[in-house]
Structure formats: C-alpha cells, structure tokens
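Quick one: the structure is below, questions incoming.
Think of it as A, B, C and D in the order they're written, each chain with its own count starting at 1.
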C-alpha cells in the first residue's frame, strides 16, 4: 500500500542521527519533526533566522516577532539562536546544515530537482529552496511517486525549470526509498505491500533494482 | 617654519565635520583626536572592531579584552558599538567611514600611495591599510614633505610597492596642504613662514601653485 | 555629540528625499519586522515608479502590498511574492515587474552592497533560470555563478531598540533582513519600537552599528501576524 | 539533546585529529582574544608543518609565537607579523613562509569559507603586490580583484561564554576574528572562559550559533596585554 503523508514523514525521520541540524520544507517534510525517535535529538533550522525551532505556540506564547520560514507563529527551544538572513544562509550555503528535506515536482536521474515553478502558472518564487539544495550536505526529497494522473515524477530529465542541478541523492516517496547515483535511480526500499512492478511502472527514469528490495 | 607633529595633527583635525566617523592610523593621525574642535564631535573607528573609541584607560579601567588596532589598551565611549573584524571592514570597505587619516612613505600625482613595505627591509604586513585606502570616502595622508635626507615624498610616480592606487586626494605635510587631482599636486595652503619655493623644491611630482596660497 | 543624534520627529522628515524612480531596500520577512510607518509614509507621499528590494511584498492591505493600490511599485526584487491578488493582477497586466532572487542570494547581495563587495560567487541558482546569463566559474571542480551586490537610494528598517546614534538591536525573528538592509541604503532610515539613550545598549550586543544609519524615528506598530498557528 | 553536547573534558580531546601539514584558522587580534590553551596544546602535541591563518603570529613567548620554538609552523597567512625575533629569523632562513593578506580581506576570506562563497571581488589590494596574478574585473568603472575563501582543517576560537550546544558570545574587542574563524574550520574548537547551560544566552544575542562548533572546552586564560597604555 502506498504510504500516507505521515508514514512518509515517519520514514524520513529515521534518516536523522542524534545531533543533526535539519531544515524541513513545508508540507510532508515539516511532519517529520513529529516522528524523530525518542533516543535522538535533532535541531531544526528555519531559514528566516532561527536555529532551534520549537513547536507552535500556545495562545499565550504567540508573538508576532517569532515566526518560521512559512510565516507561521512558532517558538524557540532552550538553547536556540536567532540571527539575520545573511547569517542564516551562510549556515545553509556553507554546508553546516546536515539535512534538508523538501518536496519537489520532479527529480531526475542526474540528481536535478524542479520544485518551484510551473510555466503558465503564477510564479511566486523560489524562496530559500535554491540556496538549500545548493548548500545542504544531505538532501532528501519527499513526494508522491507519481502525480494524480499517474505520471511519474522520477524522470530521465526534469521538464520543469530547475531548482538545482546534480544535488539530489535520496528520495522518499509514497512507494519507495531510492538513491540517485551514476545516472540512475537505485531502489533501496519499497513501501509494505507495494510491488517492484508498480514502482518500475511509475518510475520514468532509469531504475536499478537489486535482487532483494526490503520493505520499509 | 615646518610644522611639528602636533601642528600637523591640529591642521588635520580642522578637516573634520560634526558627526564624522573617522579612522586614525598610528602616529601623527592618532594625535589628531586630541585637537578636534570643541564645537564638533567625531566618532573614532578602530579596525579591530570598535566604533566609538575612547581615551586610554586609567589603571583601574585596563582590560585585556579592550584594545585598539595598535594593540594598545583603550576604552569605549558611551554609545560605542563593538563587532567582529568582517563587520569592521565591511564598514570600511563599504565606504561608511567618512575619513581615514594615515601616514605614508610616498604619494604620487596619480593619487597612489606607498606606506607598508620597503624592499630589503623586513616586511611586517599591511594590516588594515589597504582596506582603508580602498574604502574610505576621504583619505588624508599626513607625513613630512621630504625624508630626513631631503628627498621628496611627493612624487611623479611612487617607487615603493603600493598600498592603493588612485585613492589619495588630500595631503597634509609639515610644509603644506595639497590636493591631488588631474595628475598633479595642487598647493592649497602653506605652513606659516614656509616659502612657495621651499615647497616647490621639496615636491618632485608636478605641482600646481595658484596665485594666492594662504598660510594655514 | 549632536552631530550623531539621528532622531527625526516626523515621518515626513524620515523619508525626505525619496523621489520617483528610486530604489528602496526594505527589511522584513513576510509581515514580520517590517517598518510599517515608513511604508505608510511612502504611500502618503505617493512616490511612483519605485523599485523595492525586499524578500516579500506584503499582503493586500498590509506591508508593501499597500503601495500596489496606487501603483507606486514598478519593480520588486524578491524571493517570494504574490501573497495578494492585486500583485498578481499588476504582474499579469505588465504594470509590475518582478526579479525573483533566491532568498540567501538576496540577503548576501544586500550585505555585499553595504560591505563594498561588488560581486560574489555562489552555487545557488547554477543551472537554473536564475543562473541564465550570469558568469560561471569553477572552484574545486564545482560551478558557481557570479551575483552582484544590490544597493538602494534608501533603506527602510525596523528595529526593536535604537539609540540616538542609530545603534540598533532587533527582536527575535524580526531581525531577518533588517541588518543587511540597514547597510545597503545611501540613506538608511530606522523605525524603532523604542528609542533609548546612547549607552543603554551593550556595545558588543548591537546588531547594527549606528554608522550605517542616517535617521531614526519612533514607530508605532500593529505587528500583524500572517499565519497564526497554535499548538494543538 | 545529548547529540548537541559539545563539551570535551581535556585539551587532548579538544585538539584530537590535528596532524602534520594541516591548516588551522585561529581567532584573535594580537594577543587579544586568542585561544591560549588550544595553542599550548598544539605546542604540547608537537604537530609540524602547520599552516596558520591568523591576523598575527603572537610574540616570542605567547600566542602563536610559542609554536615557532619547535618550528611547528610552515606558513602564516596574516595581515601583520614579525612582532618577535624568532619569526624574523625563521622567515629570513626560509624555514617559514608568509602570505601577507590585507586585514579586511583576511576576515572576509574566512567568512566566505564558512558561508559557502568560494570567492568575492574587492577593491582592496588592486594595483598593489597583493593583486598580482589575481583576476581583475570592473564594476561601475572601478577595478576589483577576485579573492578566494580560505578554510581550515581546524578552527580554534576563544569565546567569553559558550553554552554546551556551542553557542558563543565574545567579550569586548576579544571578538575580532573569532566569529569568522568559528565558521571556517572543518572541526571548530571553542575555548571558553565560561561554559553555561543552554538557555542562559539570549538567543538573538548569540554571536556564533552552535551549528558551527564541534567541541567546547573550559579554558583558563592569562590574557596578556601587548601594549599597556594608560591615560595621562
């Protein structure tokens, strides 16, 4: 069965190591914060200038001067630091953030990602996404394996304008976990009950399937 | 009569306007702080990261963590700010410091300055001098008009390795005040009792002398 | 130190000199940390054909969005826009131009302008529409694009506390783009929640040294929240 | 948050992994704000052929100068050196190499390394020996030279207060190069005057966010003064 959004987030959270600094994009990536295993701690970076982002505030804690990169009210954990946008992106661009998790429209076998612009639709902008994919040491893309029409989002070559090139190495979808290397997707795990045939059918780019593909 | 070091400093101080941010090099430039007119205020920038440098400390005020760019113990005035070296030079390089006053070995008619290196003598380094001459809006060079052998320091072309090119517009020596423009030194003032002939004799680069040259 | 007293008494004085066609660098992220009163003054002045360099363009009736009503903005340099209908409409009709710039590149362009760095290399945007037409150079085998500094005729900034000399500190994430904006204006105007006497701010805790600031005005802020999300 | 506790108990642990031929970025200006104990540990370790990127090289018996005694330094990248006799002697004999770099360019090179900016343009040094062999480009009619980032295998930093997560604040002008150095090391080690619990430092007043820091050690400082000058 294809994973739910929360199940994808759960699988993402298993990638984290104790002590990781992590930037989570909006949507499924943000949910991953709810599933960090009890025996490890990660610190969340919000690119508007907050390292050590905490949960949403209570009514009493709400403060217009304390928001996250999604412009939502938020809190800071004990031991957080707050800084300006240039410093925040120095941190990101300089490779100090261990993990970035973000959504995408398309990813291809070259590790290219398209996530910010669909031609002929209003373009709102890339925000910090281009900086994040250019800077993070590890990037995990989360998305559904195919769009609602069944078209694969894992392509031989991205068709939409790119967010970054040659930067994606790991993808977690509702059907599978894949790595990207040497011009191909490499299937490493499949969602429980999902067949390799289904994954192959929904992967347009070159897919390498090892003899044994464990369930997640 | 040629000016003393303190008299040169006094003349330098007359250049300052109320509200100027000023960086003073070691030697004569530093003395200028003692002669700021009572009716104006300037704020001193020390390039190791202090804006609003105060006087030397009393015995009780001495603090190893509070020094100036000459590595001397110093104090901060009320309203000072302290920052890192990158910020300090952002301020300098970005043209936010109104005045830089520094010494030189040579200056030429192109506004070039040599102030940090004499070949075959031990080179200790340029410190912040190259950043200062590249960044300040106004630079005043203070020096003796000629060296102790009587050789002019105001040349057609600098002979020593440069600190900066095409950046010096104003020179205050023990004999004269000069501006630098259009490939020449322009005499604007002379020290009391110093003849134009003496200044001409000690200026190797092209010197333009107006009809009337007031005493300082 | 009267020459360093930068406090002005009216918004009119604060924005004096702003004229049609100028470029304004603005601090703030979304509606957080924006100089509300200075933006209102620009609306009152009716200045036209302005270019704004700001991460966002506010919402329909708040922030820079209010300048759209009278078509005062010719161009936005931003990383994320379109949180309001009027913006979309003017963009589609060609009345408004947008230069989308990655958020980190935008922050660094402002810092570079203030720091006398005319251009810098970044990997951000290489191989994307952002990199098109820009110089590419490899360092350690990786390609980077050359991005140029961006400065303004004016910079408008919101501070939490500012002293009379223009030294500023910012509160929580209202800091965001404000410190960089403060360095990048020919004339930098700070609207502060509180103006204090010199000496009240700890010198080594000042975010923006007063040297970058030309005018300081006491502000009065609504501090609207864009997305109020509460703990469940 | 055990994974974020960066406190180490011994200097040996603090400098573990430093080996011959490595590059070390060091904070400090003159003798002000230098990580005294970390430098002493490098002397104790006897590591050789080190390149130090530091504004200065200390004096004969203090600061980085003590590493000259056993010829541990192969190269200095500095803006101002030679405050000691041994330095001069080793320089003249060719045992020591010096790359003189303007102070502001040096600070910016460290910052650039930490910020993922491989190179930037600056007017500083154009037309001087510093500019020789470097790429030149004009912006608005003025020539600038291209300077590259400089990073280290290690960075050694002195903080005033550091919390266990590595968040640091610096005291007075002991700040100097320390914040940039902290961003530029593959392994960044902070020697603090005081280690405090997370939460004791105000988040928006932290100079160096802990993300840049790998190890924190409680230091013990002599704080020698290089030029004691008193008011007359």
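Operating definition for what follows: a residue touches a chain if its C-beta (ideal position, glycine included) is under 8 Å from a C-beta of that chain, and two chains touch if they have at least 3 such contacts.
A quick note: this is a predicted structure, and the numbers were derived from the prediction, not measured.
Participant: From subunit A, what is the lowest number of touch steps before subunit B is reached?
Facilitator: Minimum step count, subunit A to subunit B: 2.
Participant: Based only on mean CA positions, could you tell me how far subunit B sits from subunit D in angstrom?
Facilitator: The computed centroid separation for subunit B versus subunit D comes out at 29 Å.
Participant: Provide the C-alpha centroid distance between subunit B and subunit C, rounded to the nearest whole angstrom.
Facilitator: 35
Participant: What whole-number Å value describes the gap between the mean CA coordinates of subunit C and subunit D?
Facilitator: 32
Participant: Pull out every residue in subunit A that's touching 2 or more other chains.
Facilitator: Where subunit A meets two or more other chains at a single residue, that happens at 76, 82-83, 89, 92-93, 134-135.
Participant: Please list all residues of subunit D that touch 2 or more other chains.
Facilitator: Where subunit D meets two or more other chains at a single residue, that happens at 108, 111, 115-117, 122-123, 170-172, 175, 203-204, 207.
Participant: Which of the chains are touching one another, listed as pairs?
Facilitator: A-C, A-D, B-C, B-D, C-D
Participant: Considering the complex alone, what residue numbers of subunit D touch subunit A?
Facilitator: Interface residues on subunit D, with respect to subunit A: 1-4, 111, 113-117, 163-165, 167, 183, 198-199, 201, 203-204, 206, 209-212.
Participant: Under the touch definition given earlier, write down the residues of subunit D that touch subunit C in their complex.
Facilitator: Going through subunit D, the ones touching subunit C are 108, 112, 115-123, 137, 139-140, 142, 144, 148, 169-172, 175, 203-205, 207.
Participant: Where on subunit D is subunit B touching in the complex?
Facilitator: The contact residues of subunit D facing subunit B are 29-33, 55, 78-83, 88, 91-92, 98, 100, 102-108, 110-111, 122-130, 160, 170-180, 207, 223-232.
Participant: Using the touch definition from the top, list the residues of subunit A that touch subunit D in their complex.
Facilitator: So the residues of subunit A in touch with subunit D come to 17-21, 40-43, 45, 51-52, 76, 78-83, 87, 89-97, 134-135.
Participant: Under the touch definition given earlier, write down the residues of subunit A that touch subunit C in their complex.
Facilitator: Counting only subunit A, the residues touching subunit C are 46-50, 55-59, 61-68, 70-74, 76, 82-86, 88-89, 92-93, 112, 117, 122-131, 134-135, 161-166.
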